[in-house]
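Each of the two complexes below includes subunit A, the first together with subunit B, the second together with subunit C.
Here is the complex of A and B:
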């Protein structure tokens, strides 16, 4: 029992997080920045921050993850990090030659009060930024928000720095949220399938799920270009997927360039994908092609085929707010019962209300913690167990100790493959989620069956 | 000398022996701002050293990230308690950054100690704590008095130096425990094993060797560690220190205060493992039976693995390896271990080596070996290709780079899952290298394009 120390007896904790269900802002900013073509994320702080972020992202994606650091010393912490950042900008453009440097701050540089725009302006004035290259930034102190808000801030910074108004194009901006490269590809595919030209940002596809070619490229093929970001200000509309991760960028686009923005749930599951497709259709003024109808129909067919096996299953979920909301809607549509939900991200009262509304009929023991941690979640399970767990790899301790089937989803996944290549968004993504949940539930049913109950056809 | 752009400041951290330049390595310096170094910070160093102490409470005082990223990521195995695998954080917010985090720390510590009754508590300071000026030591002293267990501050603010300074901070904290335990049942022929963290169960292997030699192991610092063992470590008569110095600081402190001498050891490769055991036997030369048992052990253990190593050598003969790991000491051992299985090291480097280390490395290497200090991925990938390596040995961040280039890879850092130390470890190492270098996937890589 790895978590033998967890007791069912819940005490209020005010000063302590045990087994967190979040991490800090900078890693989200780094991930978002990797979704720009030719971009080197830069961590303005000490050397450990970016080493940890790179290691975590590397473990999750099994891909090289590039970033640079200001490598703060005691001196920088006393006198400010301006000299470090200036030197860094110099060195990076000399040696690594990225198109753009995306600076994010850390607890250290925020607390000593470094003014990044001022430093970047100085770098520009000093001629340290080569012609046609860019440096932009987001403030991501680690003691505020979570990895999701860090992602949101860096995505918003792309709008703040680059989007330009212009004569309206027919393009639609898609802001996919803190999802996997495969999800970004799927979101784009749905739009393409409908004949819509889209600018998707950030876009980590082919950056963090690139091919093996025998060559190492520090800046892989994928990513939204600065030109595209510039043009995004002239798009006919934006769809921001996920209120926490994407709305700030979408709304900033509206404010800055008067591009109207629809904020939707992540398109996970039937209804939220419907909503996404419908919004796309109306915004672009197109019809939904038969191919998408077919995908939808197949999903509905699979749900009807398999609904008796999932009906009434109690589910515990740990994850990021946008994912939790969409997943809850999907599970509810499958007649499952999401009863325990924890996110580490401080996503606010409104989010919690939305979640409670979605889950009003989920069960008599609905429990939600925003923010909470995995220790609390485990305590709930000790009081009354669930039939299925869904969340990142760290949930595996609870799954093992309490012997509960477990579907990995979210960030980070450190011990399985698939998330880089197979989406969980869209109708196809919903099929995959359905398959994974059924595999977990049915494998368990068969494991627990006696010889007599063990049947060929389920 | 090379086709990649180099920063002028970095030129002296790269030595390409084929270039014939005189050897003068600039090392032991802080990474340049803007570098894509593979290094980490002070906190990381402290966490690595103390984390394996399984019955202690490890509380990270800072924003959530530092605790989240170090939550159970090192396979430092424990045969008993698993408390070290939980993640405890004061999860500092804006409020504490403005008003200070001491109250929060006090509350967190008190709650945790009440809940878990650990044998001791380590409190890690992170960057922010150093800036907002929390008096962590004072809070620790107060809680120690109230709770009657050792509560040790670890001064591991990330920006206050390099990973090495983190080792030192950890050793300082450990030294607060050493000398406080009962040493009555400790034999004269006894040692502490320092700098061994029981990744993949390596400490268990090494401990078994010493026990077979008739040497009592008082404590392993810190693999499969227990607070009580640390407290009585001063009862041993010799410290055997592994690695480039993660724990040399502690050995030096123990020598100064308790008069315990120390020797260095490495357990990677047959040659170095045997040398380590013989060196310890030599220290106890007035116990000739120890020497005799060591000879038997080494003879039998080497005989047990040699046939397989020979078979593997026949396949790997002439292949080339690149070695880039944290500590220089490990590089020395790996060069020898690779030679034993027929492989040549064409690139060698470390994150934290000092001038002496690099001089020694140069002496060990072939004439055309490139030597790098604190390298970045561009340098690593270019030299690996230029030198025609077939294998890369490194850590988590290097693995996908090696694979992208179509090279075999062996993790010699905290993601190794089988013991690579000791005689059996050498066999495991050879198997892993063999498996990876000869994998059919690298042939597929060469023909992956449809254009040919």
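Here is the complex of A and C:
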């Protein structure tokens, strides 16, 4: 057994987290910053953080993940990291020549209270920031929230620093949330199909799923440009997908530039994609084209075709709050029963209420922990197992110990391909999720069936 | 020495390129102050008659913004040295990230069924998940409760606590909490002040881990394990099963392994490791402190060994046999070598026509950039350039330079333990006369020659290589393979050059010992001869003029 010390005997824990279902803020900020074209993320802390964050993102994407660090020493940790950051800004612009440096902080620089705007102003005054180039920042203390909070803060900082009011354009802002590059592409594609011009930020497509051509580009093709971020303040409206990851940026846009914002669930599954498409349609004043009706119809068709194998299945989910909520809505739409749900992110009472509302009919053994950890989740499973597990790669230890079919989704996925290239959002993403769940459930059914029961056609 | 000098280029020239010119190209884009510093960390190797080599500035602070490969002190302590021990509950005291990122990401394999109680906590991540209230009001209370909860839930025989960046700043006294909980729970509880900002790299964490394990664990059990020829293997972390392969060879030779620091290890092994008669060091950087302290306190000598490469493995085994000077042992060692080598040599011969003459660069941690040169040499491959993330001058230049090393301001606060001979248990294993006899047979006690004396002249040595320098080296030399870690892997491969991860082994292994050598030969053959590197250009990109003509017409 891999997790041989986990038993069904649940003892209350107040201080010890075991097998966390979250990680810390800066990695989310780094991911968001990579969604800006020509941007080098910068970690203002000791260098271990940036090494870990780059490694984890690299393992997830199998792609280069660039970032710099202030490389605090003990001296800087006591006297402040201003000299380190100034030197870093100098070196980065001289050696690597990005268009923009996106600074985030760590628990170290937050605890000592480094004032980043003051340091950046000093860099500007000293002439360390070349003409036409930018340094901006988000505070991302690791001891508050989770990686999703860090993503949200860096995305909001894009608005705070760059969005400018202007004569209304016909553009719509899409804030996709902490989702994959492939999801960002799919969200943009849906808007494009509807003839809508969108500013999507951050946008990691073609940054973290780039081609192999024999030529390395430190600043890949993709990413939202600073010009587009500037213009985002003049858009007709914003759609913020995922309350935790995207709402702060969307609401900041509204406050700063009076661009009205609709905060929606991530468009995972049928109903939340419907909501996204419908909101887009109304906001832009366009009709939904037949191509999208077709996609939706195909999804509904597949659901009806495969419903018998999914009906009533008990599912355990671990993940980030925005994904958990949308996924739960999708699973209940399939007449599946999400029964155990854990997120490490402290997403708040309102989130938990929404989740409970969605799952009101899931069954009498519904268990939700916000925040909780994977150790507790595993203990629930020890008490009564489930038919399917969904979550990041760390769940595979539970899946193996308990012999439960497992679908990888969320962050991080360190041991399979697919998530960089194929979306889980939109109707097409929902089809893919359906396919993955069916593969897992049906592979198990066939593995467990006797020779006599084994069927050719399902 | 297995590494031949066959490609010893003329003075100052490597592959037809003037080396001073290469160094200039690496530095030219840097601001003057950075260039001056990096200048001292980039050195053209020369080996004097007496084995002396040029000075490499190393173990100095990282240049902010330059994009280094380095990690932190916590990673060196918790991630590297203590992580691989299966039966200690390791609690990370800090916000969630540090514990999360060091959770199962280094491939230290372990076999819990070889311990009587079967404990294995390596698949778990334990953290106090500090919140802002602990930053403000202190985290000692939460830590105390976390230790209690770890005990209540897991009943381990030991609990270790690892401090992260904010812990030192807010002034939590981790050691006092550990002492108190040790008293209360009656199990071994000890702490490490391995805040990420200490020192300049992972290296500080190694030292802190060595000090902690020596203070709190080594020598706490005087029961002498059964068996002849008792040894400890130090600085071997069982990545991809390396230690298992070495254990297999030791067993075949009739050696008794008391403890490995710390691959496939149990805290009980450390507790009685002082009862062994010889310490063998694989990774000099991470564990030489424990070896020195054990020698001072218990009289246990150490020698440097290397089990990477078949020839190196055979040589190391013979050194051990020479030390014990027992005819039966020597006979068994020779029999094992004779039995194992033919298969390795056959594989090398099969692969060599496809690898001969190919060129490698190695920039890895603090020891592998040296060890793996031997394996490449066995494949007929050259090492054009090598360097470490965080090694010190002694790892580059050999321990002979130790007296000349000055500890700078950034590393001065890493504690040096004062160790004295144990009044009861100090037992010198060799006297001066015997040490001399053994030295004549190539058993050099307490010595490590370093990487550079074993590298050919003209090779470029780069300490703490930056992303910029990596790019330049690729552009200038287009090596056939580059060895580094996960952060570099896909950068290099985007250039169409394979990168072999020598930290994680790209999820393969083992590469140590005889079987490991065979695995490595096959893996390098696969990588440098993969068809994929020929797919980078589409057919229409290879002949664009035809398409242009068609479009024009």
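Going forward, the second predicted complex is superposed on the first by the 458 of 458 C-alpha atoms of A that agree within 3 Å, B and C clash if a C-alpha of one lies under 4 Å from a C-alpha of the other, contacts with A are read in each partner's own complex, and residues count from 1 in each chain.
Following the convention adopted for this analysis, a contact is a pair of C-beta atoms (placed from the backbone, for glycine too) under 8 Å apart; a residue touches a chain by one contact, two chains touch by 3 or more.
It should be emphasised that the depicted structure is a prediction, and the values quoted were computed from it without experimental measurement.
Asks: Putting subunit B and subunit C on the same copy of subunit A, do they fit or clash?
Replies: Aligned through their shared chain, the two binders clash on subunit A.
Asks: Check whether A:420 is in contact with subunit B, with subunit C, with both or with neither, and answer first, second, both or neither.
Replies: neither
Asks: For A:213 in the superposed arrangement: first (subunit B), second (subunit C), both or neither?
Replies: In the superposition, A:213 contacts both subunit B and subunit C.
Asks: Classify the contacts of A:112 with the two partner chains as first (subunit B alone), second (subunit C alone), both, or neither.
Replies: Once the two structures are laid over each other on A, A:112 reaches both partners.
Asks: May I ask you to decide whether A:265 touches subunit B, subunit C, both, or neither, giving the answer as first, second, both or neither?
Replies: The answer is neither, since A:265 touches no partner chain.
Asks: Let me test your reading of the model: by the given contact rule, A:225 touches which partner, first (subunit B), second (subunit C), both or neither?
Replies: Neither partner.
Asks: Give one of first, second, both or neither to describe whether A:58 is in contact with subunit B, with subunit C, with both, or with none.
Replies: Touch status of A:58: both partners.
Asks: Which holds for A:273: it touches subunit B only (first), subunit C only (second), both, or neither?
Replies: neither
Asks: Go through subunit A and flag every residue that touches subunit B in one model and subunit C in the other.
Replies: Looking at subunit A, the two contact sets intersect at 2-5, 11, 13-20, 22-24, 26-27, 42, 45-49, 51-56, 58-59, 62-74, 76-77, 84-85, 87-92, 94-96, 106-108, 111-112, 141-144, 146, 212-217, 344, 394.
Asks: Touching subunit A in the complex: which residues of subunit C?
Replies: 29-31, 34, 61-75, 91, 94-105, 112, 118-121, 123-132, 134-135, 142-146, 148-150, 152-154, 164-166, 168-170, 195-201, 409-410, 413, 466-468, 471, 485-487, 489-496, 535-537
Asks: Can you list the residues on subunit A that touch subunit B in the complex?
Replies: Residue list for subunit A touching subunit B: 2-5, 7, 11, 13-20, 22-24, 26-27, 40, 42, 45-49, 51-56, 58-59, 61-74, 76-77, 83-85, 87-92, 94-97, 106-108, 111-112, 141-144, 146, 211-218, 344, 394.
Asks: Considering the complex alone, what residue numbers of subunit A touch subunit C?
Replies: Touching subunit C from subunit A are residues 2-5, 11, 13-20, 22-24, 26-27, 42, 45-49, 51-56, 58-59, 62-77, 84-85, 87-92, 94-96, 106-108, 111-112, 141-144, 146, 210, 212-217, 344, 375, 394, 397.
Asks: Taking the complex as given, what residues does subunit B use to touch subunit A?
Replies: 5-7, 30-44, 62-71, 73, 82-83, 85-94, 96-97, 103-108, 111-112, 115-116, 126-128, 130-132, 158-162, 376-378, 381, 385, 396-397, 399-401, 403-406, 445-446, 448-449
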